[in-house]
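Two complexes come next, and they have one chain in common, chain A, joined by chain B in the first and chain C in the second.
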Partner chain A sequence: MNGRLPLIVNTKCECGHQNPVGTVLCEACGKPLLDDPESGETLEMRYDGMARRSQKADPDVIDRVWNFFSSVKIAIYLIVLTLLGSTLGTIFPQESTFLNIDPSTYYEQRYGTAGEIYYRLGLSHTYESWWFITLLVMIGASLVICSLDRVLPLYKALSRQKIRKHRRFLTRQKVVLVTMVAEDPEVWTARAVQPLKKQGYRVFTDGGALLAEKHRFSRWGPYVIHIGLIVFLLAVLARGLPGLNMDQHLAFPQGDLIHIPDTSYYLKNEKFTVEFYSDEEMPEEFRGKKVLPKLYETKAVLYECTEDCGDPSKEPKLTKVASHPIQVNDPLSYKGMKAYQFDYDLTPVLRSVTPKLVNSRTGDSYGAFKLEMKNPQRSFSAGPYTLELKEKYMEFGLNEAGQPISKSPYPNSPAFLFLIKGPNLPAGGEQYFYFPKQNDKAEFQQDAINDKLGGAGRFLELEVGDMSGVDFSESTSYLNIRVDRAMPFVWIGAGIVMLGLVLGFYWQHRRIWLIVEGGELTLGGHTNKNWFGFRREVSFFLNKMDITADEKSLDNGGGQA
Partner chain B sequence: MGKARKPVQIIILALIVLLGGYAIGTSAFGGGGKPEEGSRAPSIELLGLDGQTHTLDEYKGKLVVLNFWGSWCAPCVKEMPALEAQWQQWKDQGVVVVGVNVGEDQMTVQNFVNGTGVDFPILMDPDREAVRRYGVSPLPTTFFINAKGKVDTIHIGQLDLSTLSAQIGKLVNP
Partner chain C sequence: MNLLKFSNDVFIAAFFLYSIAFMLFTIAIMGRKWSGRKPEEHTARWGKIAFITSSLGLLCHLAYFFTRWAGGGHIPVSNMYEFMSFLSMMVMVAFTVIFSIYRKILLGLFSVPISIIVMAYAAVFPQEVQPLIPSLRSIYLNIHVTLAALGESFFAVGFAAGLMYLLRTVNFKSSSKSDKRQQRGVEFTLFTIIVIIGFLASVFAFRGAGYETVFIRSNVTVDNPGQNDSTIEKVSYKMPPLVAPYHSEIESFQSFFGIKEPLFEAPFWMKGVNAGRKLNTVLWSLLSGAVLYGVLRLIVRKPLGKALQPALDGIDESDLDEITYRAIAIGFPIFTLGALIFAMIWAQVAWGRFWGWDPKEVWALVTWLFYSAYLHLRLARGWQGHKSAWLAVLGFLVVMFTLVGVNLVIAGLHSYAGTD
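Up next, the complex of A and B:
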């Protein structure tokens, strides 16, 4: 590009056309404007010699910003910087690849001082850092401005082409032929139309001048690519908008209805199955040594909240909207939301027990009641007795002061304190500690505690007869819930890029100009790539016109094959 | 096209600044992630122990001390008296202490509150939605939210009476 323009230039061509500042070849007749008339060098045909939009004699601030982004050199620097920046993000795993880490300590523990520095520099989240996003935004700006700055002048130049060009424009093309023709100029050019048309050219004549052109659309290829890239970048940017992207990992205990945060959906894991390969199915060397899973499957049902959503004081009204057996790579999919199988945990979680109140002396049973681990009923009745639930501990333990406490909110070793009232009990009732799990009963000495609370004469016990009185969530399935509404636009962008690549790579814009004047034929040809094929085409055409021109003799130099 | 050149340039540059500014802004100030000191306090909608649904908006214009706790967490239990003392001291001066119980059921929370005699509003977060929104991992974690609804300070771990008092005093009388 010729950036160093003299301060004042006469931009009027000898053909009478007034060209904008920065024009290399006259917009009308193609006469080279800037260099030495005696020069024999081939012409710079980029953008057909048009001035880029931003080229101005007196640029102001906006023009300067515009010019900065319009520069291909700057664009290349930006791309190289982004490339280098991206590589920094690959040194250690990014924070986003972990589910449950504390990055402020993880990097130091795992990678030592280098990890610490890496984290402190913010490289553990390179692709979300402000400087990386800034680079992407600048590339986006450069794409838009570079394209606009070039495509509009190019479009104008190509749609307003003059058939008759300046002779020097022809002789300084890379494909040139100057030879004698005896025929009348108009007759010769008229005769040339047919063979060119046969070769697929669109032909325009103006007396003894001719312009043949084909596959102009290939010139738009790069700009189509740019549009695709802009769509791509905007789609990636849009992922940050609320509601367009979600990626969370949630636990779904079997049988529990779980709300998916930030949505109106609830998902129930009705049954989780994991199957392992049997020894016979595995190769010899694995037998007895490895456990290989064959199938993970979560039978999932998705509900949508239709009323009273988000108000925790009301029960939401749910409607079933989808169900699917989720397997690895076979997610449940509903309106752009996908639930992928991610992990599982086979530890059973106690949900409820249904103990019976029995008289340990007579063996009489007074009836059973259901005791939920979460939000239990506060009072129960069994026969003539009433039981009031006073305290509950999910993971029973004692604090430093020796008082009973819960060590976690998870029902690992639950314990319940009841106040039982009824016949043959003290007027104020009798306290009773109940451990539903058999091994806790022994470990925490339920009987000894109750003997202390109720005295040796107590006769009531809570008992779970068999396993039918125990309700477990057998396992927990972990699902990855994803929404990525920007993804279709990413694909559309990628598709447009592909289309642009095909346009630009598989066709070439070829043009042939010729002037017959005073018994002399001057031919100039230009293509944007594949000069070899183009010279062959020109040579073939000339042969049809009974002019023998060897392909090589058409080559006017310029260093391109 | 020639005459429209300048306005077109300005419109395109403005669009780039707008979109780019948004993109860079959200990355620089941690948009969508957990709140940090100086960022806007995420909204919450939780059931209170009083049976009503409560949101942070109710306390607009007040300094909110948002304390995440669990009855199984020993330091949370230990700092309760300090929080209660501050609640009593400051409640008439535009300060509200809000305790968010993490993942326990109403009975446990009720029993705990009755046992310790705390009087400030207690909200329940059984599905840990507020915990997720606030990015709370260890308990207790306390957010000091100023009258404008911005997170002023995040305190992870047990609070003692003197630091709590100093912190609130600093925010009430800056």
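Up next, the complex of A and C:
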């Protein structure tokens, strides 16, 4: 854009003003400095013809980096590359859309060779890849430098405008009128002030010269947008910092108080509800064919631990801090932490059983005790007997060596190993395996195991009489617990972008220059957008001044931005 | 339910009024050379009648929208039928706004048909009022979807004006390399529009005839050694199957033109049964589009672009250039607010993350980046005229891919919008 300049240029304008290298239009009078005086082409009015930092005569390394990022051409390349790069990530689903897959085999199995290539190119995680992040960072750099390189010269130019401009500056604008006026220059100019003011212009006069200007703030629109985008990008980067971000998916069985890891909060799912639309609420075409969910709701209560939090030997002291019916579009929110409805499971989950210790020979009962699945007591007593809990398995299974293990921390098939001591038992006590669920008892052969452990003389059994001895939570709600301390800045950034867009696109900076000299009126006009509306406005003004000028006749050609 | 019935009736009324308005716009522009009056007078007079008709259509369309809202209990933008109907309405709103600024009758000739096509496309989808699933029950459904559609509608008007600019200025007589390329570009754009019309024609023709053929396919998957799981998938074709799903069997077949079985089978990499059906739809659209295009070529006996050019005689091309830019400049902030910012706010409220690189999100971003590039090229690099017009045309293609293509080709979180 800034053509090749000779090494030494005389940048002093005929009006006496000394301009920096790279200036296109004299900073003071607006006379075109660079091109042929006879040229009739419309002027390039970008940044009002000011020199920019990136146009320094002999650049060093920093200048070269600056020049690179200050180029709009580079910015456009970056935008287009980001655009193309983003589309690549939508060819196949990204890894992040799945919770449990092994990407190294998944893509090949699901999509064949194309999937394999996709994975190997790293496109299965496009948006986390180094080149994509680099593009975003470069866009950020470009936003900062492009803006600084232009906004400062533009600000200077606009804040020290001269009213009287060089005639050639006026006649080479895109809106031009040259016509005869009989009146005295100063009288005519003075008469022009009122109608222009009525059209919302701020008017300045200097003898027979006049400058009318409005909505200059619209010129800052693009820079405001860029500032907003920078804030936005920085906020997004900040989300990656430790401590600002938490994201975990937790299961909350109905009625259970669950500690949220890494926080001092506990959350209780008091009631989970799923509702479906009734037939009356559905269109006829769907009745009896489709089931549509209407509501997922978790009545949640949030507690904060105030004392004895880290001490496993003491019960933590909890205070209720918030409660909220969590729905899909309505999370619980407390001091920056949010709980979102994520998923649910209607399979009942065993919470506790209350078995009785009985003598299988006589049928005598020695008493019952409550056995919690989570954090059970270590020892129980039933009549003359004591039961010491040796091991517990939440999801019972056997490993490759045949040893009992717990396959998961969820009480899907719980099992407990007790050491029972008391009358008629060996001095060291007797080991006893207990499966609270009936089907587990059969599947894992509780009796056979115990026969092995206790021998043939075994006479004690743990039994649950009826369903009153079993406590289930009916369902489980899965909540997504999040903290995102950078979010306010994301929204502030987005808000600034919007403000800039509105300023820049829905208003236009319009200027009209007039010189009346020797019975001749020369009018030049410039707007940064919407020439159609501007010509209409100028024509309206001229009509008020008793000069008929058709909107089209004001058009001095040239492109329109 | 009476409200909903009324709603459907005014929807159809709107469709017919738009169609009549389109004809009137055609008369206003094409008829000016034949009528006895002065051309400007003729255009102004008929243009006014056409605009009044299209405005009446818009009123009916608005009536459809609000009665459906009242009758259905939620804002009607929650499935593909409702969204496309809404989009076509917004195209008319954007047209009305731009028209009232620039008063170019010709704009109607190109914007109104876009609205008609989008409206017809809406009617492809099931029309019953569906109750909202929990994730859609939010005030942001009202804000996000409507603003995004409004922004996109301004892009649609920008597309119309850009295409008009090209038809007006591309030199159809020249055989220089760049002119040839532009001629082909214009012709291809027109052909694409005709293929879409071909798609709509085939859908409605076969639907009217009540056509249906059903394929089944049993999939056997081996989960554990010795344990086979088999599932049976069924797909119903509403258009005669030129192509059957990969590895499928016919359950019931309705013959057409004496053909008793599908002509060929979808390639192996089209795995889902629906992929075959979609391919079949594409083939029918291309086929009927090609036939329609061929017939039009036979009638006018020259490229369609060349045939349309005289209609634009005497239109100021720099006005068209400005309208293109202006429509996009008005639409861009609205699109940003609706399709990105409110989308992020809603995503944050519903899913706990404001951005998740879901295909629909990515394509909204791609659209935004595309129009940002357009604005930078125009404002800072001086891309005007042809280049700018081509970008406006291409940009709308990106918009349509985001709205329709993503749902058809790529599934994602927005899949409830359904395109079957």
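A few notes on this one:
We take it that the second predicted complex is superposed on the first by the 394 of 561 C-alpha atoms of A that agree within 3 Å, B and C clash if a C-alpha of one lies under 4 Å from a C-alpha of the other, contacts with A are read in each partner's own complex, and residues count from 1 in each chain.
As a convention for this text, a residue touches a chain if its C-beta (ideal position, glycine included) is under 8 Å from a C-beta of that chain, and two chains touch if they have at least 3 such contacts.
Because the structure is a prediction, the values reported are computed rather than measured.
When both complexes are overlaid on chain A, the residue A:152 reaches chain B alone and has no touch with chain C.
In the superposed model, A:407 lies in contact with chain B only, and not with chain C. Among chain B and chain C, the chain that touches a larger number of residues in chain A is C. Within the superposed three-chain model, A:75 lies in touch with chain C and out of touch with chain B [touch as defined at top].
Residue contacts after overlaying the shared chain place A:216 against neither chain B nor chain C. By the touch criterion stated above, A:485 is placed in contact with neither chain B nor chain C.
When the two complexes are overlaid on their common chain A, residue A:17 makes contact with neither chain B nor chain C. Residues 53, 62-63, 65-66, 102, 128-130, 132-134, 136-138, 140-141, 144-145, 148, 152, 156, 234, 237, 240, 242, 258-259, 261, 310-313, 374-376, 378, 389, 391-392, 394-395, 399, 405-409 of chain A are the ones touching chain B in the complex. Those residues of chain B whose C-beta lies close enough to touch chain A in the complex are 1, 5-6, 9-10, 12-13, 16, 19-20, 22-24, 26-28, 31-32, 45-47, 51-53, 70-72, 74, 102-108, 111, 124, 126-127, 129, 132, 137. By the touch criterion stated above, chain C contacts chain A in their complex at residues 101-102, 126, 128-131, 133-135, 137-138, 140, 269, 316, 318-319, 321-322, 325-326, 329-330, 332-333, 336-337, 340-341, 344-346, 348-354, 356-359, 362-363, 365-366, 369-370, 372-373, 376-382, 384-385, 406, 410, 412. Against chain C, the residues of chain A that register as touching in their complex are 46, 72-73, 75-76, 79-80, 82-83, 86-87, 89-91, 93-94, 96-97, 112, 114, 126-127, 222, 247, 277, 281-286, 292-296, 327-331, 338, 340, 342, 480, 482, 487, 490-491, 494, 497-498, 501-502, 505-506, 529-533, 552, 555, 559-561.
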